[in-house]
Structures are given as structure tokens and as C-alpha cells.
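The structure that follows is given in the form of C-alpha cells.
All chains are identified by letter, namely A, B, C, D and E, in their written order; residue positions are counted from 1 within each chain.
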Amino acid sequence: MMNKHIIYAEDLTLERSGRNIFSALNFSLDSSESIIITGKNGSGKTSLLRCIAGFYPITSGKLLWYGEQILPAYYSEKPLISWLGYFDAIKGSLTVKENLNFFREIWSVDKKIFMESLEIFSFDKFLDYPASWLSAGEKRRLSLLRLSFCPAKVWIMDEPSIYLDKENRNILIKIIKKHVNAGGAIICATHEKFDIPNVKEYSLS
Amino acid sequence: MMNKHIIYAEDLTLERSGRNIFSALNFSLDSSESIIITGKNGSGKTSLLRCIAGFYPITSGKLLWYGEQILPAYYSEKPLISWLGYFDAIKGSLTVKENLNFFREIWSVDKKIFMESLEIFSFDKFLDYPASWLSAGEKRRLSLLRLSFCPAKVWIMDEPSIYLDKENRNILIKIIKKHVNAGGAIICATHEKFDIPNVKEYSLS
Amino acid sequence: MSNIFNFLANPSRFRIFAKSAYPYLLMIMIIFIIMGLWYGLFNSPPDYQQGETVRIMYVHVPAAWMALMVYSSMTIMSLFSLVWRHPLADTLSKSSAPIGAVFTLIALVTGSIWGKPTWGTWWVWDARLTSVFILFLIYMGHIALVRAFEDEFKGARAAAILTLFGAFNLPIIKFSVDWWNTLHQPASVIKLDGPSIHVDMMIPLILMAVGFLFFYFAFLLINVQTELNQRKLKKLFIKNLNLN
Amino acid sequence: MIKMRLFFKLVNRDIYLVIKGASDAGAAILFYLLAIIMFPLSSGTDSSLLTTIAGGAIWMAALFASLLSLDRLFRSDFEDGYLEQIVLSGVSMELIVLSKCFAHWLTNGLPIVLLSPILSLIIGLDFQYWWILALTLLLGTPSLTLIGATPAALSCAIGKGGVLTALVLLPLMLPVLILGSGAITAEISGLGGIGHIYALSAILPISLLISPFLASKSIRLGWE
Amino acid sequence: MIKMRLFFKLVNRDIYLVIKGASDAGAAILFYLLAIIMFPLSSGTDSSLLTTIAGGAIWMAALFASLLSLDRLFRSDFEDGYLEQIVLSGVSMELIVLSKCFAHWLTNGLPIVLLSPILSLIIGLDFQYWWILALTLLLGTPSLTLIGATPAALSCAIGKGGVLTALVLLPLMLPVLILGSGAITAEISGLGGIGHIYALSAILPISLLISPFLASKSIRLGWE
């Protein structure tokens, strides 16, 4: 039964440098599901996401991916996570296109899917810019674009909406809905209210 | 007449690397006034703020501080601007207290004002942490705290609300109101709706 | 054996053990060193080539052995730390480094003093001397690295990585005299076909070596105690921060 | 097979970044040249003296050049989140480390090896010894890169680096330096440098084995 | 007066950062020691040879040590927005540059000067020449810092640095190196190094005059 969950967490506890960050968390994530993690500043949202991805070792409790004790950041056959953190992994000295192409190759992304994402974000006009020219919001948009064509089933996003204007926030919600409808799963930490159907809210304190 | 404005801009135009970022902007800022700059991603908000501070040289037009052609980033007797940009100028290897104390000394801040700011942000419990431990929102809060005790009359803020939770956003609005009531002036670029009385909205396109 | 290890692996139990054990270790160390010094200074023959200066050997050689021994044990503890993430291994390794550095320094200094009359120079850059010097630098790097981190666990693990990496220096030190032409004399005590020095020199050497070994044990326990106490203090400090 | 393809894609990218000037590995070669020129400048131009120290000088310059460029081997990719992205893409950290080392060697070590015969002329090494210089560099520079990878990765975890990295790094690189320059000196003095070369070629596989493991551990440590 | 107080507050902070280990200038001294040791290791242990190259070796080590630590002189403060904050606080950029150079010299150059008598022993320089070594270093290290400030500031504008900075830096520093080691060689050879020392002491005020100006321009360039 447990095997059916993509992610399953039981009594998850994390300490860092001797401080307790969060304790006894229980949740699970399945296909076509999305979890929004909320909580005050410093409540441990980012830490939780990094635990799930395997960057932080958990102090106690159980954290399973597909019923197994996998840490995606250690090793996986294919990308398990499409990750959007605080850092954008964009090289300013390359053009936008070069930045995208690299990940396209690493992930062996279909040309069709790639073009589709490009269209959703209407990013064509930026393609030949050096990435260092982009404004904060444009960089975030580029990150979201990359996130959206990654072949991973689970999207993990840490405050995806920062720097974005109205229009781009709508695009964000659109791609989230699309991904969930297509059977994907999403965990997203944020302080905003997102208008997504069937979202589970999980609040840290 | 012109001398009365703290900042006065006429036909302000900026080009960067041959691209036109904005052109023919006209606005002015006086005591007890606040301007919110809005606009889509890439519309030039950050660039405008950096022009005002003197980091970017303007291409054409007129930009006056107290009626004179001063560039605050070049030289001023006293701090003209309290600046909150994308970068936080926080040294992770120092404690929060050490980070704050340095600016307190450079700006010769009154102990009373300092303690008051500390209280508004209820930041006492973080004082002895290494700053590298702080979460994104806590770092932003620290930046705001520093901004608020700077003796400059004009606050320039670039998306001050990113990373902040509800509670801290309210604190932000509170200090903005307080500063404006005390005769200060504020320019703030943001994508949020702030509930500030008498705010002038200036929209870039 | 594994029972003992499991028993001691608990930090608080280890603290109790350390507290009660270290005075005995100190005593054993003092007895052996006094005996060794007495034997070495008054009860052993001068060397037919080197004369009285040979007595430096009774400090130099055990110190050099201990320099290697401490590093070897740190290497093992580092493996434990990296592979099994054992916190006690971190503590032991961290506490060992300064002691090892001291032994290395003693070996370097006594070797230098010995070298002046026998080789006619304080120092040459040959393979043995250089590799011991590198060992000293690695010890210092270890000490600096642990302290460069805010988070002591992270610091300990970083130092463990460095220790493992520096371990390839050990065989170089040990076999440098066999592999390269050096001024330094080759092994005469620890080698496959048995020791080749006089028994009267052997006895004080062994006494001093045992004394130094217990020096290591005793100070290791003392260091670990301070370390654990500090950690406790820090935890209290952090708890206090949280209460506010 | 797929791993191999991934590996070369990663190497490709690093080299491309060098060419585009984002990484400064390219400048390391020029630095190497300049460092070599500094020897005659600082020690006087007595040519017999130069001949004696030539091998050592070239080796020291090579070491400093790799030292400088190694410092940033992982740091910029670590800081902008690129490594996080890659490691979540199903590429093992060890493979990433290897690819970065390989790219670093291709853009730093290899040019140094190739330039060495010409440089030996400039600095006054007898030309008949060029082969041993080139050979020691060919065997030694990959080891320098591999040995340097771990401290470079550690510097990400410390969050600063530069000199501290260099400090931790240098003692570990000294054996390579000693063997490399020692081989040349021994060959010139007629003793034959082959023993040194054997030892030098023993260091390479050992560091190839250990280094990716320890460097990946270090980077993970930085994430924790 | 107020400017003076500001200046010392800034210097104070930089030194404090070094002590707290945030900046790695402290390690530069250890690096310097190591670099010196590399000379005998790479050039063989012939002691008469060592005596000849000793002055040059110590000077080269000093140069490499400042090179490594200068690279980060402004960069971390530039990248995290600290320089923006300070320059908006009514401190002129030139004063900031001077304060950073002064702090850098106190934590890097001065220890090198102070250690030099001991080091001259290790490396085999005749002890009677320690004064000229110390004197050249005392005059030369501030120039190295000041000369290095501009390329270090430029590296902020380029957005990367490391080797590239070192590359730009090196040719500019060469005169100091040549004069410094030349003075020692001249003194040892009986020619007297006083001429070199005059020249060396002329470089200092010139660089003191030009460097803050050019370095501030470079940093502003980085902001544009």
C-alpha cells in the first residue's frame, strides 16, 4: 500500500547545528497531486524541501520515494525531481539559448516539448541575449521554463513566484495545472495564495 | 521652486548596451511622499532605481537631488539614501549582531533608534546566530531592519517584500508609514499591492 | 569487543569513562617515561659512532612513531566518520590532531638537533624529512579546517576528508628511506626480519614508546572531555536562543 | 554507454565555458608563461644557474598555474545552483567530479605539457632533456588536477576559499612536484630519472581512484 | 577627522573579518611559507645554489602570496552588495579602496616582512643580508598591494577573476619583483643594492597616488 506513494514521510525530524528545525512531520504525495507548504519565515519550508531532495540528511523518521529509501540528490537512473530553488543555475556569460540547450541535452528533451515550453513562456525574443542582461523576473521566468521541460515527474519549487509580475504568475499557475493534470506531482513552498484546484495545504509552524 | 524637490527627474532616458530601457520619464519626490514603481518584468524598475542612486549613468535627461546634479553613489557628506536592493550585504560568517553593529558605527546611529528598530522587528533572538543560518525571509528581515535605522531621509527599495511572510509584510508597511509620517520619502519598486495611504503610483511600461 | 565499542559509542557514557580513566593513564605514562629516561640517560651505552648524542634517539624515535601512529588512528576514525557518520569518531579525530602535531613537532625538532652533529646540518630537503614536514602541515591544516566551520559536525567531516586524503603521505614517510637515497637511516627496529639494534638501546626505546603511547591516550581523553563539555555548553546556548 | 555520453556532454560544456571566457582556465596558461619568465627575472640571468633550476622552475610554474585555476573548479557552479541541478538529473556526483577534472586538465594541463618543449628552450634547459620534462608533466599534471579537486570542493563547503584551499592543497601536491622536478634533476645529473617517473605514474591511478570519492563527499558536505 | 574615523572603522572591520576567518588573508601567510619551501624542494638541495636564488625565491613567494589573496580583495564585498551600501553611506570610493589596501597590507604584507629574517635562514640566505631583505619587502609589499588593487577591482567588473586577475596583475608587479630581488643580488655581489632601493621607494608613492583612483573607477565600471 505504501508503495503507491511517490513520496511518503513519517515522523520526519530535522536538526541542524543542534537546533530543531521541524519535528514529526507526516505527509504523502501521489500522482496528480500538489502540496503547498506554508508557514512563517524560518518555519523550515526550504529545509523540508532540501530534505526531500536528499541534500540535508534527516535526523530521524522515515522518508521514502516510491516506497524505497532513495535520495534523489545521491543517485537516480533518471531525473526524479525538477527543482526550482533560490539559485537559478544560469550562466550569465552564455546566451539564454545556450543555457537552455545544455539542460535540454542532459535531460534528452524532445524538441516538441521544448518548443511548447518556449511558447508558453513566449521566450523567443530573449533567446540570443546574454543571460546576464536579464532582469530578476526574466531570470526567474527562464528558471521556470527550464523546470517545465524537465522530464521528471515531481516538481519541487521553493517560492516560485518571487520576482514575477502578474502575467508571469498566471503562466506559473497554468503550467502547474497542466503538469498536475498530466499526472505529475508538485510540492511548492510559498507565501502567496495560489489558485490551484485540489491542492493540499501543509502548514509548518 | 525646483529646489524644493528631493528628487526631480525630467525626460529621463536610459540605454544599456544599445537597448533602450526606458525613455522620457518625469517625476518628482518630496518629503513625506512615497512613490511605488510598478511595471511588468523587464520594464526597467531596477534600472531606474539604480539610475537614481547614481550607479547607472543616464543617457539623457535631467536628474536632480535637492536641485543639484548629485550622484549619491559618488559622494555625499552624509548618507542620502537608505538602500535595499537584491543583494543583502550580510556576511554569513559574522553573527547577526556583528553585521548590524558595523553599519551602526558607520552611520553613527543613536542607541535609542537602534533599539527601537530591533524591537519593531523583534529580532533579539537572532542576534547571536551566525548570519549564514538565517532563512531567506529572516535575511530579508535583517536587511529591512538595517534599512530602517539608517539616518538617510530617502529610502529606496527594490521589491522589499520578497521572501517575507504575512507578518513581516505588515511590519514592512508599518515602518514605511512611520517613515513617511516622520517626513521621510520613499521610492519602492514592487509587484505587490501595498496598503499605504497617499502613495503615488508610477507605472513603467 | 564490538560490545565495548557500542557501550562507549554513547557520548555521555564515554564522558564518564574518560573522566574516570584518564588519571590512571597519566600515571602509567609518567612511570614509563621516567623509567625510560633513567634507562636511556644512565643505563644504556653510548653509540660507537655517534657517542652520547645517540641518546636523543630515545625521544626522537618514539615521537616519530607516535606521529605516524596518531595519524593512522585518525585515518581509521575518519573512515568511520565518513562512512558510518559516527559522531564519536569525529570527536576522537578532532581531539587527536593537536597531539599528533605535537609529536610531529618533537620529532622534527629532535631530529634537527640530532642532525647537526651527525650530518653537519640542521635540515636538508630529502624525502624523509620533507614528508614528515608535510605531515606536520597536514596536521595544522586539519586543525585549521575543523575550526573554519560554523557547524562543528561539518567541520569534523571536512577534516575527515582531508585526513583520508593526506593518508597517502604515511607510506611515503615510512618507506622514503628505502625508496630514495636519503641521509636518514633506514628502519632498524620495526622491520620484517626483526630488530637490529642492541638490547640495551632497545629497552629504553620501548619504555619511552610505551610512555608516549599513554601520553597520547591520556591527553586524548582529556581533549575529548573538553570537547564534549563545550558541545554541551553550545547546546545549552542554542536552547537558550530558542527559548527567547 | 549513456553515462559515457553524459560525461562527454559535461566535459563539452566546461570546455565551452572556457572558450566563451566564463571560466578563467584559459588565462591560466598565460599565467604559467609569465610565472616561468619570473624565474630568470628574480634570480638573475646567469645562464648556468638557470640551467640548473630550469626543471624545478617549470614545475613550480605549472603547480602555481593549476593552483590558481583549481580554486574555482567547483565554486561558481556550486554557488549558482548548477551542481544541484546536475546531480538531480541522474548524474552521479563522482561522474561530475571526473568530468570537471578532465575538462580542467584538457584546458590547463595539456597546454602546459604541449608548451613545455618550447619553454625549456626559453628558460635554458638543455634541449636534449625536453622529453623527460614533457613526460613528467604529462604524468604529473593530471595528478595535480585530481589531487586539487578535493580541496577545491572543500572550499565550497567552507564558503570561502582562495588561500585556505591553496593552503590545504599545497602539501598534498608537493610529492608530485618533488618527483617531477626530481626526475629532471636526476636525469641531468646522469643518475637517470626513471625511478621518479615510476613513482609519479603510481600517483596518478591512486588519485584517480580516491579523488572523485572524496571530492563528491566534500561537495555534499557543502550542501548540508 | 571624521573621514579618518571612518577609515579606521573600515580597516577595523576588514581585519576583524580576517580574524573571524571570513576572508582568507590569514592563510596567505602560511601559503607564503609553503611557497618558499617549494624552492629547495623543486630545485634540489645544493646549498650554494640555494644561497644564490634565496632572495629571488623569497620575493617570488611574497608575490605569489599577495597575488592569491588580492584576487578576492573586493570581490566578495562587491558580490554581496556591501560596497554599494558603503558607498551610499557617504564614504568615498577612494577611501574604501585605501582602507581595503591598508587592511590587506596589515594582514598580508606586514607578516611577510616580519617573518623574512627567519625565512632567510630556512632558505639559506646569508644571515648578514637579512636587513636588506626586510627593507625591500617593507618597501615592496605595500606597492604590491596597491598595484594589485586595480586588477582586483577590474575583476569585479568582469564578473569573474582568479587567473585572469592574476594575469593582468603579474606584468604590473614585475618591476617591484625585479627591483626587490635585484637589490638583494646586488648587495650580495658587493655592488650595493641602494640604487634598487631608491627606485623601489619611488614606486610606492606613485602607486599610492594612482591606484585608489583607478581602482574606484574599475569598481564603478562593475556597477554600470
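As a working rule, a residue touches a chain if its C-beta (ideal position, glycine included) is under 8 Å from a C-beta of that chain, and two chains touch if they have at least 3 such contacts.
What you see is a predicted model, and the numbers here were worked out from it, not measured in a lab.
Trainee: Treat touching chains as neighbours: how many steps, at the fewest, connect subunit C to subunit E?
Mentor: Steps on the shortest route: 1.
Trainee: Using C-alpha centroids, which chain lies at the maximum separation from subunit C?
Mentor: B
Trainee: State the pair with the higher C-beta contact count; candidates are B-C and A-D.
Mentor: A-D
Trainee: Centre to centre, using CA atoms, which chain is the farthest one from subunit D?
Mentor: B
Trainee: Counting in whole Å, what is the centre-to-centre distance of subunit A and subunit B, each centre being its mean C-alpha position?
Mentor: 31
Trainee: Centroid from C-alpha atoms only, then distance subunit B to subunit D, rounded to Å. What do you get?
Mentor: Inter-chain centre distance comes to 46 Å.
Trainee: Round to the nearest whole Å and give the separation of the Cα centres of subunit A and subunit C.
Mentor: Going by mean C-alpha positions, subunit A sits 49 Å from subunit C.
Trainee: Give the residues of subunit A that touch two or more other chains, as numbers and ranges in rising order.
Mentor: Subunit A, residues with two or more chain partners: 16-17, 19, 57, 86, 92-93.
Trainee: Hunt down the residues of subunit D that sit against at least two other chains at once, touch-wise.
Mentor: In subunit D, the residues touching two or more other chains are 22, 160, 164, 167, 170-171, 174, 178, 224.
Trainee: Considering subunit C alone, which of its residues make contact with at least two other chains?
Mentor: Subunit C, residues with two or more chain partners: 130, 137, 144, 148, 150, 241-242.
Trainee: Residues of subunit C touching subunit E in their complex?
Mentor: By the definition above, subunit C touches subunit E via 121, 123-126, 130, 133, 137, 140, 144, 147-148.
Trainee: Which of the residues in subunit E come into contact with subunit D in the complex?
Mentor: Contacts found on subunit E: 21-28, 30-31, 34-35, 38-39, 41-44, 46, 49, 52-53, 55-57, 59-60, 63-65, 67-69, 71-72, 76, 160-164, 166-167, 170-171, 174, 177-178, 181, 185.
Trainee: Quick check: in the complex, which residue numbers of subunit B touch subunit E?
Mentor: Contacts found on subunit B: 50, 53, 55-57, 72-81, 83, 85-94, 98, 102-103, 105-107, 150, 152.
Trainee: So in the complex, which bits of subunit E are touching subunit C?
Mentor: Counting only subunit E, the residues touching subunit C are 21, 27, 30, 34, 37, 40-41, 45, 47, 122.
Trainee: Considering only the defined contacts, which subunit A positions touch subunit B in the complex?
Mentor: Subunit A residues touching subunit B: 16-17, 19, 39-42, 46, 86, 133-138, 140-141, 159, 162-168, 191.
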